[in-house]
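Consider the two complexes below, in which subunit A is the common component and subunit B and subunit C are the respective partners.
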Partner chain A sequence: MGLASGQVRNMATLKDITLRLKSIKNIQKITKSMKMVAASKYARAEKQLKPARVYGAGALALYEKADIKAPEDKTAKHVIIGVTSDRGLCGAIHSNVAKAIKSEIANLTSAGKEVMVINVGDKLRGLLYRTHGEHIMLNCKEVGRKPPSFGDASLIATELLNSGYEFDQGSVIFNRFRSVISYRTEHKPVFSADTVANSENMTVYDDIDADVLRNYQEFALVNIVYLALRESSTSEQSARMTSMDNASKNASEIIDKLTLTFNRTRQAVITKELIEIISGAAAL
Partner chain B sequence: MVAYWRQAGLSYIRFSTICANVVRAALKPQFKTEAIKAAEANIKVLKPKTPT
Partner chain C sequence: MMAARFLRCALPVLRHARSYAEAASVPTQMSFTFASPTQVFFKEASVRQVDVPTLTGAFGILPAHVPTLQVLRPGVVTIFNDDGSSAKYFVSSGSVTVNTDSSVQLLAEEAVPLDQLDITLFCKSARKTAELGDTGCTRLLHQCKKIGEDLSQQQTSMSILLEPLSVF
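Coming up: the complex of A and B.
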């Protein structure tokens, strides 16, 4: 009859606990410093967000006031610009945008429309290229290291317009900053110059010719991308701040628990030695 | 009426970038360095390698 071999867990030695305690203390120092860095970057990003919102609001005002809608067309071509960044450790920022893009692609392809995606940020590329690699048109790197500038938005818009993809409409998907603890994944519309020109409400405005409209469209595209970049960067820094704060708190909890275990183990070792000494002395 | 820069092949984005650079170059020195630093673009756009 074989012995039932139960698992006997060796009580952790003092050395094991000391090692673990040291490594968790180091991790806590790192997450605390990352939180400080993210807090300072967040303060700067929030300050720069207010003027950026003016740019975006101005560009979007025409779309809202004139109520521009693309014609319901089977052959409509769509473009999706997903904006996140290159760096992780910021909570659900990247996965939220990726989820929104995936569901948007599913909706559009099931309706028979063609859609291409521009990834702003390496993390987004990593999330999308395996499953939706054939929809990716452009990738952008070096996002998130420094605060975004208008030049970045210009580059992205120029590459989109020069890529030769004749899109009719599209959307920019980004995380809009609401407050220190909350952000929301939203999308803002993007139209091509033809769509706007052929929209029914444009006849209300006079002195609009095709050239003026084309100039306005190009500039509006840059403004919308710029707004998305700024909002996304602020949301990312605030999310990184919260997640690093949580990580530091969790690390302190583990440190407290481990310190208690360490003291108990230390006392147990001392008691064991004492018992050995006493029973040894009694035997003499 | 097509603008002269559009006829030369520039887009409005390129045109406004050139105008903005000219304005920055015309600023006084202490404002110039800040403006130029604030305006530099550091994003890189790449086309994905198509597996053929």
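Coming up: the complex of A and C.
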């Protein structure tokens, strides 16, 4: 079939439309395959999330049942652990956590408390370092490539404890997985060994010496970080799956519209040529 | 007439009847959760007794145990079910929490049922680690040699091997 030659009109020429159609079809293939990959990773992550949730709930049970709260009057030092990942194209995952962290920092600094942030995931660092760079204590990279393990959580907790920042309490901010299409940004509390020891309900617990409590608290910290990592990874994969699915759907819509435009343009060109031929013949 | 008077005398006694005080509301069942990061073994189950090895010594937890927090030491955890059967697991480390409402959370960093441990591999790696100078393994090595060659009794041997760990 003949392509329109050199004629620049307001509507695109056949060649432009063909190029655009080809590139959008490629994009659709890519987003479809990304959706498949995200779906398989999501299935695996959700399976591993079930035991991790029981484990994390067990670790948090003490805080809930003993109703441990940090003393309000002291100028407490806070730590915030924000958990996301390195990779994008997953919807609002990273920005939700960054928003929660920013509002939390604003609340705490207006109340006169000191707060430091640990970023798990490069995306979070990018979102926070420009405006809240002075609060960032630690950055973790290479998050999200492989499913999170207990070793990763213990690495993060070890770095926090070795950093020398004597925090009294804090929170882990992450995206809790609710279903394939929904997640919610939540926070879980983190306490230091001293805060727990001085909490009023702790006298109920028998036979605890400082060493045991410190060990216990460190282990609880790792458990909470592990739960946050697992939930966050599952939410991220499901969000990436839905966003790539939407992208593929949008691409097919554009392909349909462009195909129609292409056919109309092609018919218009043929009609024009016919008219030229006929009017030329009629002139004879 | 006598009956009516008798009844009238009896009534006040009934109104001021005395009884023993009620027993303190102690939960008779423990809600036992035992999990590792990758696997859940018990979730809010009702069991009779749990023996745990901790840094400060091994002790058994029954329902209505006094609330406590402990850190685990490598050893064998034994769980006695309500029907009398028992299950043994080897744990590497972790924590145990007993709350006031008699719920017990046993969180192990690594836990494996004893019957999944292969005694030959175990003795082999214990020997290797002892050669590298780890004195803790030499004790295990003696146990290995004692039970050693008769590997047909794998399951019982494993628990016999590891029991001494909980009773330091």
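Here, the second predicted complex is superposed on the first by the 274 of 284 C-alpha atoms of A that agree within 3 Å, B and C clash if a C-alpha of one lies under 4 Å from a C-alpha of the other, contacts with A are read in each partner's own complex, and residues count from 1 in each chain.
Note that a residue touches a chain if its C-beta (ideal position, glycine included) is under 8 Å from a C-beta of that chain, and two chains touch if they have at least 3 such contacts.
Quantities reported herein were computed from a predicted structural model and do not represent experimental measurements.
Q: Using the touch definition from the top, say if A:Asn139 reaches subunit B (first), subunit C (second), both or neither.
A: First partner only.
Q: Of the partners subunit B and subunit C, which touch A:Tyr129 in the superposed model: first, second, both, neither?
A: Only subunit B; A:Tyr129 stays clear of subunit C.
Q: Looking at the overlay, what does A:Tyr55 touch: subunit B (first), subunit C (second), both, or neither?
A: second
Q: Who does A:Pro71 touch here: subunit B (first), subunit C (second), both, or neither?
A: Neither subunit B nor subunit C is touched by A:Pro71.
Q: Could you say whether A:Leu161 touches subunit B, subunit C, both of them, or neither, answering first, second, both or neither?
A: So A:Leu161 only meets subunit B here.
Q: Answer with first, second, both or neither: which of subunit B and subunit C does A:Phe150 touch in the superposed model?
A: A:Phe150 sits against subunit B and subunit C alike.
Q: Just which bits of subunit A does subunit B share with subunit C as contact spots?
A: Looking at subunit A, the two contact sets intersect at 149-150, 215, 219.
Q: Which subunit A residues qualify as touching subunit B in the complex?
A: 120, 125, 129, 133, 136-143, 145-146, 148-152, 154-159, 161, 209, 211, 214-215, 218-219, 222
Q: Enumerate the contact residues on subunit A facing subunit C in the complex.
A: Going by the criterion above, the answer is residues 48, 50-52, 54-55, 57-59, 61-62, 65-66, 149-150, 204-208, 212-213, 215-216, 219-220, 223, 226.
Q: Across the complex, what residues on subunit C touch subunit A?
A: Touching subunit A from subunit C are residues 33, 35-40, 43, 55-56, 66-71, 93-95, 97, 99-101, 103, 105-107, 109.
Q: What part of subunit B is in contact with subunit A in the complex they form?
A: 1-3, 6, 11-14, 16-17, 38-48
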